[in-house]
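What follows is a pair of complexes built around chain A, which joins chain B in one and chain C in the other.
So, the complex of A and B:
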């Protein structure tokens, strides 16, 4: 019995890996999307807006199944057309990470766009006056300041993202939820295993919340706080 | 791409059943969850700590754990308990636990109840002090104040956040497809995928259905906001 708990605990490692890898993808896509939306060039803005609108209107699970099952067939069709005999299987880890990253990239786009807009324009103008280029301004002026404005939304997205990783169990990745389901069908005592998994998720989200709150305090050091 | 199969009568019928299940689940969970949320929000904003603490703990746990596990806990977990097993053949209301739709509905109700309670409680806490002072100056009792001033104002102001929660819940209903014998839109797509081995077409069509429902919901909430939040809109 305790062996099952141990294996679920080991699955926690995979849950953490999947969530962090997805987070990296979503941050990259979010920064890209936010700059695209603020670029002011019509085709790029339309493209980014379509991305964020479509993604937020379709369930995560449907996108995941589409990428996992559709991706396998699509890749194999492509290989066949290229004249290859081998068949490929999409790895559930990559399908999961890419899908979750792609979905939360849309949410991050909105968070980052709002954060960039919150930075006083004088900051950017001052950087240009100093002769900084566009990239230099972005990395030295915009990025460090937008962290503070982006943190509340970012925290929210991260917590939702953690909980979404449970869905990759449905495409066969052996993380906590998958192992709990397996343990419960083997022992016929699902209640305890699911409760245990839920508790592990709660620990993960609680630690994240605590850490991000500290980070948020750190990044608001320079701001004036009105005491009530 | 082979869309002919999707547009055959039998496939469309399957999707139609899926849409009905999804909408039924969404609306029934919103109704029961909304009622639960209102009660919990009143508890959360009350003066009694013995009431605030357990409700706050409840919403924290609900919001900190994945919905899929909550569904599993109710569908697989509760059915395992001997206490329920001894009753679910004849004793009402435990007979419901044999019904997959009921289990999914219960999980979604408890879930959306937790999220919505925090939204409404937040709106109640942010009620402008002047509104409450004016009510007190009119000599209203606590109950009168709640019924005529605080709730009408707070419920209106929670509309924008609530519309997000409703759209999120619609997306979440796809998780119900993890319960065997639940035929929602996602499960219908999965069945068509496994019958015809056409994942792109099956899931893209499902995605389109969800998009249409999402846009309809967003449109409805926009109308509701224009009606109920007109007094907060910028003056023209």
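So, the complex of A and C:
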């Protein structure tokens, strides 16, 4: 019995790694997407809007299957046409991280865009008037304030992202939910293992919430506290 | 010098072909280890079960090395098509729908279903239980059989969302019996206290029209050589007693079926 719990704990390690790595990808894509949407240049705006509309409108599961299996089948078909016998094998870890990052990048784009829009434009104009460049303005004026506005939405996205990692078992990664399913089927006692897994998720999300709340307090210094 | 995509691809092919030659003896086998006693994992994480043992026995005959790849059931066939593995040996039934997208070897097991009723009922065929209420699992092969054979004979067939619910309703007296796979009904009902007054009746049901033709090894379409060698291996383990040994390790009955 205890062997199964141990394997689920190991799966928890994978869950944490996958979620943190996907979070980084999604933040990068979100910042990129938000800047693109607010750039005012038509082709870029259209591109970013297509991205967020498409990804937020299609179920995560479908995107994941499409990217991973569709991608591999397509690549293999291409290789065959080129007369090669080899099979391409996409690394499931990177595929999982990139897919989840890609999906949540769309949500982050909207969160960040909203946050940037909440900053009075006069502040950016003032920064330019002082002679700051675009990059300087972004890092000194926009980013610190944006974090404050973005954190509530960001927290939501992060919690949902954590739970989405349970989907990566579809592409062959053994995260804790799948391991719990294996354990419960081998022992025919589902509740013990699923409750254990639920508790692990809860611990992870609670720690995240605590950390994010501290971060939010730090970034809200000097403003009236939002009541939590 | 121009170095196009085609050249790069063929270079890549050469390099990987060299690797491929060394690893040729491997046969990547997909399993979903959530189906005890056919495929499941021991506490220390080793795949085990009837399917796994059969796979190893087949690999031995084919002189290849089985490498097990764990895959969730929902993406079993996509994974095969994406060439993540070569075959699926995970209790996959040969059905009409699946045959459209993958090839199957000959079956390596086929457990029959049976009608299960209270012990005192005299069952001599569908007509003998006219008017009785029989519960079946919705969307199952047993439902197909019950709708095709029992219902025309005047039996009241009731589909359920889960086989467990059928057992609950038999227990509460709302149903007279069920049609189920003998391994399922044996482990899930007949061996339990609430099933002590019930028994399997009539002949084992194998009718392919309803029940398909058993469980086989699935592979990508058009691999004639692989299919032939898997079929030969199945024949070989049937002939030399390996199959019987594995069968008896897990089951009291012969699961190869008819």
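The definition used in the following text is that the second predicted complex is superposed on the first by the 215 of 228 C-alpha atoms of A that agree within 3 Å, B and C clash if a C-alpha of one lies under 4 Å from a C-alpha of the other, contacts with A are read in each partner's own complex, and residues count from 1 in each chain.
As a working rule, a residue touches a chain if its C-beta (ideal position, glycine included) is under 8 Å from a C-beta of that chain, and two chains touch if they have at least 3 such contacts.
Values in this document were obtained by computation on a predicted structure and should not be read as measured data.
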### Task
Name the contact category of A:181: first (chain B only), second (chain C only), both, or neither.
both
### Message
I'd like to know which partner A:62 touches here: chain B for first, chain C for second, both or neither.
### Response
first
### Task
On the superposed three-chain arrangement, identify whether chain B or chain C touches more chain A residues.
B
### Message
Quick check for you: in the superposed arrangement, does A:12 touch first (chain B), second (chain C), both or neither?
### Response
neither
### Task
Identify the partner contact of A:169: answer first if only chain B is touched, second if only chain C is, both if each is, neither if none is.
both
### Task
Answer with first, second, both or neither: which of chain B and chain C does A:54 touch in the superposed model?
first
### Task
Go through the superposed model and pick first if A:3 touches only chain B, second if only chain C, both, or neither.
second
### Task
Quick one: classify A:73 as touching chain B (first), chain C (second), both or neither.
both
### Query
So, does A:82 touch the first partner chain B, the second partner chain C, both, or neither?
second
### Summary
After superposition on chain A, the chain A residues reached by both chain B and chain C are 65, 69, 72-73, 169-170, 181, 188
### Query
Which residues of chain A touch chain C in their complex?
1-4, 7, 65, 68-69, 72-73, 76, 79, 82-89, 169-172, 174, 178, 181-183, 185-186, 188
#### Entry: Touch list for chain B against partner chain A, complex
61, 63-70, 72-73, 76-78, 80-81, 167, 170-175, 177-178, 186, 189-190, 193, 197, 199-200, 203-204, 206-207, 210-211, 214-215
### Complex contact set, residues of chain C against chain A
5-6, 9-10, 12-13, 16-17, 20, 33-36, 40-45, 69-72, 74-75, 78-79, 81-84
### Task
Could you please specify the touching residues of chain A with respect to chain B in the complex?
54, 56-63, 65-66, 69-70, 72-74, 159, 163-167, 169-170, 177, 180-181, 184, 188-191, 194-195, 197-198, 201-202, 205-206
